[in-house]
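Labels run A, B, C and D following the written order; every chain starts at residue 1.
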């Protein structure tokens, strides 16, 4: 494992009015691992993901991805630096076909000019062919290649989640942020998803995972970070974290009481 | 100079009233009604039908107009809002614009194109001091704006219904789940929104005359005000309205009257470049 | 059929033209017309100029109905096709193209100059007499020999209003206020030029948009710049507001302007104090005359259209009758009608006589009016210099 | 917005053939003139489709860009410049104007953007109205020189018709090409979910601005052709009412669909002419009709057409 973490966040703070959603979070994600962020509802998991991906900037702090400072960078720049993500509430492009959804992200690093598009010159055809190939590969990985030409909205819910993952993969990311990827999936679908995540990890992508389903997380994560009320309360291997009394109190305990 | 301030504020008060009507609807269902100006026109003509054609006392004309406008608001909701719930904003914009076209041309068919005047509910010689003339009707406009503002503030923050309305605006789905009578709340918002523009129409008709095509430009100014003040922001609407009235009169007087309508838009665009959600910020629940 | 025959027989047509020139027409020609005789009219019936545009329709249609009720022209009824120009020049052009499909003997255009400008080329190409009321002075300067104007125009007003204000009313420091559309702005420029010639340059030149409601800024500017009079050029709706707000603001200036100041629509919405003393120069209006026949006519127009007849109604009404007398003489050949129109001398209309000039302008007599309370009074007709 | 299917080509070819045959059947001035205007409108609406249909940005300024192109052309040719320069001048002017408007406003949301573009249109209109020595003010500009490329130019309405059809086909081709390129996908992605597009590496601000500028260029070129084929222009043809009409054409025809743009533009240019006899009632019905289409057929008339086509296909 590369000693330098691919994500280094320091003192990330985010306030919404009077509410402190993230309170000075420090986070290190080593290269090539699957790291999970867990925590009860409203603990700041998605807010942290948004801060990392630039979707909703942190107020203060420093975030480095692959050595680049990305704090307050526009999301598309962060994406082009090799950080891709999926969304908790599915955000596919409803008016595009399945393959076109993926192509949007596949074009991430193939800049083109209007001139090339209008003249449909060799460079344009070349880059479109590249994009097409990348997109098909990404669909292949999540097992949606057979639905490439369908309209994205025609996919069932679970497959829309997979489509989001394929879209994220198409930008050839170093880091993949998955926001509750198994939400709304049944057991078999979840299992397939885990399988996919494992394969992605093996291909060298670092995965940061926000998940509600703790059991699902524990199985595949190398490291787990636990948030509560916008603070990091524990971090480490799944087995360590599971034994941490703070975590049991804050997260598992409360959950159990709910149940 | 003093006279310009008075006339600018009187004009601005009308803009503010249009904006207050827009706000009530926006604050509940997050829809900007581009037919608000035409509702104003309708209010003016209903008032004229009562007071001029049927020679009812002006007070009765006002009462009938307000009731009629409440009904118009509800009909408007059924025709325009219900079928478009949850559809993209530009479809809503276009639908309300289309509704405005329908209202304007129906009014032309019913009342004809001639401008008509409505008697003011207040009479008496104008006040004069230091060369500045303030007519009774202008005072009445200021008073109506103040009362409307206070009532609306009280209604939205202190009454059960107002709070329900705000809750509905925050999250329609949840509001329904927790048992808020959502449809009734929305109906009340549309009814009051229409009544407010009806009042604006009744106030405009005595000084500016009423004609079926009057709604377009007044409605547009109401939106400019809403944009400057920030959509759905109560003080923003009033301050924005008065501000716009002053800008127009002073701009027309000291820069050039040729570009009077441009000042409103130039100020609006300048405000938006500096503050993309208006001077006072938009009061809406942004979901990330 | 016979019309087409006439059209092809150039010699015959020329002979008829000549005969018209010397007013030797014979009634037999009207019998050669198609039955019914197709006439076309395009004017604004919808959109923001509809209030104005319907006056053209009212005038033309009222006359056509009267003529048809009386048996038509030489037994041939008139068939009027009316098309709405809406509010845009593109629509006006479409409307005219459509009218021309029906091969009318004559087309009437509206008083809205941009629409007439848009239409002139196609009408000229179709070689159809084009009778308009468009008030922009340049309308007849387009070089179309088919275009005739039967209403007075801005150029005349731009000369006469300043002249009357300076020479007869003795004012030297006028402020100008004009509606910012083709009507007002064109006139405003002409008036400024005339005032400069009269050595009484305006102290303030202002305008307002047709949809503007608050005129106080402009009025206060004119007052602050110490004007001794106001030249007001607008439509009835906005002229009403200006006069009203002048009175509200306590600004007392000698006001003179176009016919809107004395229009019935304006006066209906003004108090006596607000209207009193306003001067207007413009096309003649029927209301001020005591002739019972004219008063009865304007009453019938008002009853039929719910809108009071104005200067435009009169001029369009006259135009149809002028056309009738021409067709009775020369028949339905379009170029014969054109030539007859160009040769018009002292044709007596309801209020004024028409006389064609080289450009195709037929109306040269205007009225000077003054409001006494809410009642306009005719101070006297005035003729364009040279007539 | 669906990917192109091979079977759409015969339909396109049939439509082109039908369009080319129109002057044979209807050789009269009125209909051809009307169709010419419909084609120009279609080009402007195709431009609007980039901005609103694909990138999802409300734009009530399209009529102003149309007007800018028309006035640039009219002023330039009346000043004696050769016609061939006018498309370039028009493009330069509208690009500059669209950048001026677009750069600061592309981050604005729906209603704010709607109002800003309405304001822009109004400001342009006021400048045209009051800058009389150059623009002819409200009277407009007359006798604009016609299209002429090194002495050759279309004569009469039918030749103009063929020229405009050719330009329209080019406009369609470019639109289709952009649609199926990186840029077109980025536009639609931006419309569907701005944040997801950003996180997929799409510079949404640049994408919106490009859509806005391409849209403006379409309008500007259509304006150029309008001025030199109708040969008379006045501000009322490019007013706010016209902007709303253009938006209506787009939505009634079918937002995001190239065919929809053309259907909408042609339908709403011809319909008012066909229904002129209704007078004031036409506008009432027009308003109600727009509402009905938005409510009942969200995909516009184009979606109805493709629906019935699909139904027919399933029958056979």
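Methods note: a residue touches a chain if its C-beta (ideal position, glycine included) is under 8 Å from a C-beta of that chain, and two chains touch if they have at least 3 such contacts.
These numbers were taken from a predicted model, which means no experiment stands behind them.
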Taking the mean of each chain's Cα atoms, which chain ends up nearest the overall Cα mean? D
Most widely separated chain from subunit B, with each centre as the mean of CA atoms: A
Between subunit A and subunit B, what is the separation of their C-alpha centroids in Å? 46
Round to the nearest whole Å and give the separation of the Cα centres of subunit C and subunit D. 36
Rounded Å distance between subunit A and subunit C, as computed from the means of their C-alpha atoms: 73
When the centre of a chain is set as the mean of its C-alpha atoms, what distance in Å lies between subunit B and subunit C? 38
Would you please write down the residue numbers of subunit D that are in contact with two or more other chains? 130, 280, 283
What are the residue numbers in subunit A that touch two or more other chains? 55
Subunit B residues touching 2+ other chains are 105, 108, 258, 261
Residues on subunit B engaged by subunit D in the complex (per definition of touch): 32, 79-80, 83-84, 87-91, 93-95, 97-102, 104-106, 108-109, 220, 223-224, 226-227, 231, 258-259, 261-262, 264-266, 268-269, 272-273, 276-278
Residues on subunit D engaged by subunit B in the complex (per definition of touch): 52, 56, 58, 104-105, 107-112, 114-116, 118-120, 122-123, 126, 130, 244, 247-248, 251, 280-281, 283-284, 286-288, 290-291, 294-295, 298
Report the residues of subunit A in contact with subunit D in the complex, numbered from low to high. 53-55, 74-76, 78-80, 84-85, 87, 91-97, 100-101, 103-105, 107-110, 112, 114, 117-118, 120, 124, 127-128, 131, 149, 151, 167-168, 170-171
Residue numbers on subunit B that touch subunit C, as the complex places them: 3-4, 7-8, 10-11, 105, 108, 112-117, 126, 128, 133, 135, 204, 207-209, 211, 213-214, 216-218, 248-253, 257-258, 260-261
Residue positions on subunit C within touch of subunit B in the complex are 46, 48, 50-51, 54, 180, 206-209, 211-214, 216-218, 220-221, 236-237, 240-241, 244-245, 248-250, 265, 268-269, 306-307
